Amino acid sequence: MATLGLIEYQDASPEVRTIYDDIMLTRKTDWINNFWKALANDPATLKRTWEDIKQIMAPGALNALTKELIYVAVSVTNQCGYCIASHTAAAKNKGMTDGQFRELMAVVGMANESNRLAAGYQVEIDEQFKV
Amino acid sequence: MATLGLIEYQDASPEVRTIYDDIMLTRKTDWINNFWKALANDPATLKRTWEDIKQIMAPGALNALTKELIYVAVSVTNQCGYCIASHTAAAKNKGMTDGQFRELMAVVGMANESNRLAAGYQVEIDEQFKV
Amino acid sequence: MATLGLIEYQDASPEVRTIYDDIMLTRKTDWINNFWKALANDPATLKRTWEDIKQIMAPGALNALTKELIYVAVSVTNQCGYCIASHTAAAKNKGMTDGQFRELMAVVGMANESNRLAAGYQVEIDEQFKV
Amino acid sequence: MATLGLIEYQDASPEVRTIYDDIMLTRKTDWINNFWKALANDPATLKRTWEDIKQIMAPGALNALTKELIYVAVSVTNQCGYCIASHTAAAKNKGMTDGQFRELMAVVGMANESNRLAAGYQVEIDEQFKV
Amino acid sequence: MATLGLIEYQDASPEVRTIYDDIMLTRKTDWINNFWKALANDPATLKRTWEDIKQIMAPGALNALTKELIYVAVSVTNQCGYCIASHTAAAKNKGMTDGQFRELMAVVGMANESNRLAAGYQVEIDEQFKV
Amino acid sequence: MATLGLIEYQDASPEVRTIYDDIMLTRKTDWINNFWKALANDPATLKRTWEDIKQIMAPGALNALTKELIYVAVSVTNQCGYCIASHTAAAKNKGMTDGQFRELMAVVGMANESNRLAAGYQVEIDEQFKV
């Protein structure tokens, strides 16, 4: 169980319910996942995190799916089990195909490998890359 | 300097030169960055890494720019200075706008934050996310 | 199960029992958690780790609770499930309130976010911060 | 140099200047460090990040210094050079003594060590720690 | 369950079966572990990953057991549960004794600790270490 | 410069000099690297860290070079610049050949890649790997 328990909709304060409602409305879904129910123990963090995510993940210069793929890439690199499960599901909801998932994994794996080759060989930054 | 030094084109074996040529041809550029010059101390790793990257980063279900953005996201999460510099430059070469870079950073930052909130609150994976 | 199994008190050597006794005495508790029972497979590591932790976590310039909060912050950043569970429990035992836990999580999340923004924007260290 | 350059006060938009002013006022200082000058390339992220940090780092259930120590602990664990330099300086400004810094480092080192011992020995979470 | 499910031998394409056969032949075993069954959803990644691992993990300047110990050290540092379990088992198959495992863990723990002490104290690289 | 400065031999207390002497004697060298000069600001941590490292890195079930290779593997995975430089130098002093370094890097890179493939594909631990 989550550290401070999960706050279900029926037990939530009006302040928390307002955010739950906005999450479901924005995501066009009828349920709230555990991440938010856990954060609801801290309404200030719930509100700030949701508003930040809502702003950041909205389509802009990058589309919604690309942003979700980036979210998965970070979560996989960090070995965050919950985040991998929830954001892979979110990516599928936003249209990620199996083929896209496969390529995403390949790139994430490769990047994690070459990050260590660059560090281990103590490669210095090329002048051309200095901005 | 890199741990085993950098292998310049004029000092490279024919085997290494062939890979250098393919890198420049594939990337439509006339120089080789330090990462490859360092790996050239191990021709087997140079060859394997280049062939893997060439295969993985080629446009497919995901386009070349999206793949490069994912590469940057991983490199930033891992705090790999060389990789951040080189792949940010690569992303620009592939057309990343400043606006896309800004949104990329925002998503990477947010994902790293929420990864820890999920872990710290010990949130369990929702049944709906179990595949 | 742990890789080498868990060494229960009744099966432990006198050397290991002495450490178990000191752990329970120091922590004012009557049981040993699995971390120590796993380490007991390597009495030298058990002894060294316990003595280090006992020394490091004792109140000094920082009080015991502050040290435990720092321990949780590191464990969450590293996504170590066992460590998050055990050190969150330890922090509660040392008096961490729910309010303190909430703020701890908020800071840990924020720090993980801004760490990546600093890295991704390739921000150079200000002269004023160079010691 | 930072990826998109640094926005100095005299070159900043009124929107950015307002945030710079609030940073200096809140921190009782007369200069802006590079982190914010880099983020200023993305006014939305600058605003969101500053408002989040201002809210999160304000004294509450945890005092300002404890929060800053936690920030340093995360930054050290993540090997973020910029963040270590800037938040160590911030902690000193908030009153961190050399003795507190030494103990902070000792705890951070120990936690990073025991996190790996717990993972490597594949220790299962004790029933007593399950909330 | 794995994200895209697991591909059992009887359900595998001839291309995948050929790799499964090579894995079992190379490892002198009669079963395929879940990692490969998951990767089989992406035959290109399965093939590339297996061929890379086969090449990299073959005895050379370092023997097979030493390479496996290094694999475990990385997996523990990254907190990858699956990888810790599978590569610890692989190391045992290659002859790792309990005594070697204990020392491996001690070194991995120590390195993770001193990595943070070096970063936290902002230690500069000695001239003698610059290559 | 290091956060609290570096303590040179001539400025060190007798307690610190004793440890410096033991480091030089044990390592058969006539100088002290910056890591220890930084830790000397905290004699308790200097003493504990040196004694732990001396015990852990001594040849046992694993030889001294193998232990140093593992240290490098962890340092590279963590992107710790100081640690990569110092432990790569230490490994060379203990006899690491260029060929061994190349294979070490290849394994470290591969492990970091496959760690993410295992996590990203959400692979469950095989029954056979459960101990």
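So that you can tell them apart, the chains are marked A, B, C, D, E and F in the order they are listed, and the count of residues begins at 1 in each.
As a working rule, contacts are C-beta pairs under 8 Å (C-beta built on N, C-alpha and C of every residue); 3 or more make two chains touch, one makes a residue touch a chain.
Every value quoted in this text rests on a predicted model; they were computed, and no experiment measured them.
Listed by label, the chains touching subunit B and subunit F alike are A, C, D, E. Interface comparison, A-C versus E-F: the higher count of C-beta contacts falls to E-F. With chains reduced to the mean position of their C-alpha atoms, the one farthest from subunit B is C.
The distance from the centre of subunit C to the centre of subunit E, with each centre set as the mean of the Cα atoms, comes to 27 Å. Computed from the mean C-alpha positions, the centre of subunit B lies at a distance of 34 Å from the centre of subunit C. Inter-chain spacing, taken between the CA centroids of subunit C and subunit D, is 20 Å. Among all residues of subunit E, those that touch two or more other chains are 1-4, 41, 44-45, 49, 52, 77-81, 85, 88, 102, 104-106, 108-110, 112-115, 117, 119-122, 130-131. In terms of inter-chain touching, the protein chains here all touch one another pairwise. On the side of subunit B, the complex with subunit A involves touching residues 1-4, 31, 33-35, 38-39, 41, 45, 49, 52-53, 56-57, 60-62, 66-67, 69-71, 73-75, 77-78, 80-83, 85-89, 97, 99-100, 102-104, 106-108, 110-115, 117-126, 128-131. Contacts from subunit D toward subunit B in the complex involve residues 3-4, 41-42, 44-45, 49, 78-80, 131.
Within the complex, the subunit D residues that touch subunit A are 1-5, 44, 48, 52, 55, 130-131. The residues of subunit D lying in touch with subunit F in their complex are 79, 88, 98, 101-102, 105-106, 109, 122.
Against subunit F, the residues of subunit A that register as touching in their complex are 72, 76-77, 79, 81, 84-85, 88, 104-105, 108-110, 112-117, 119-122.
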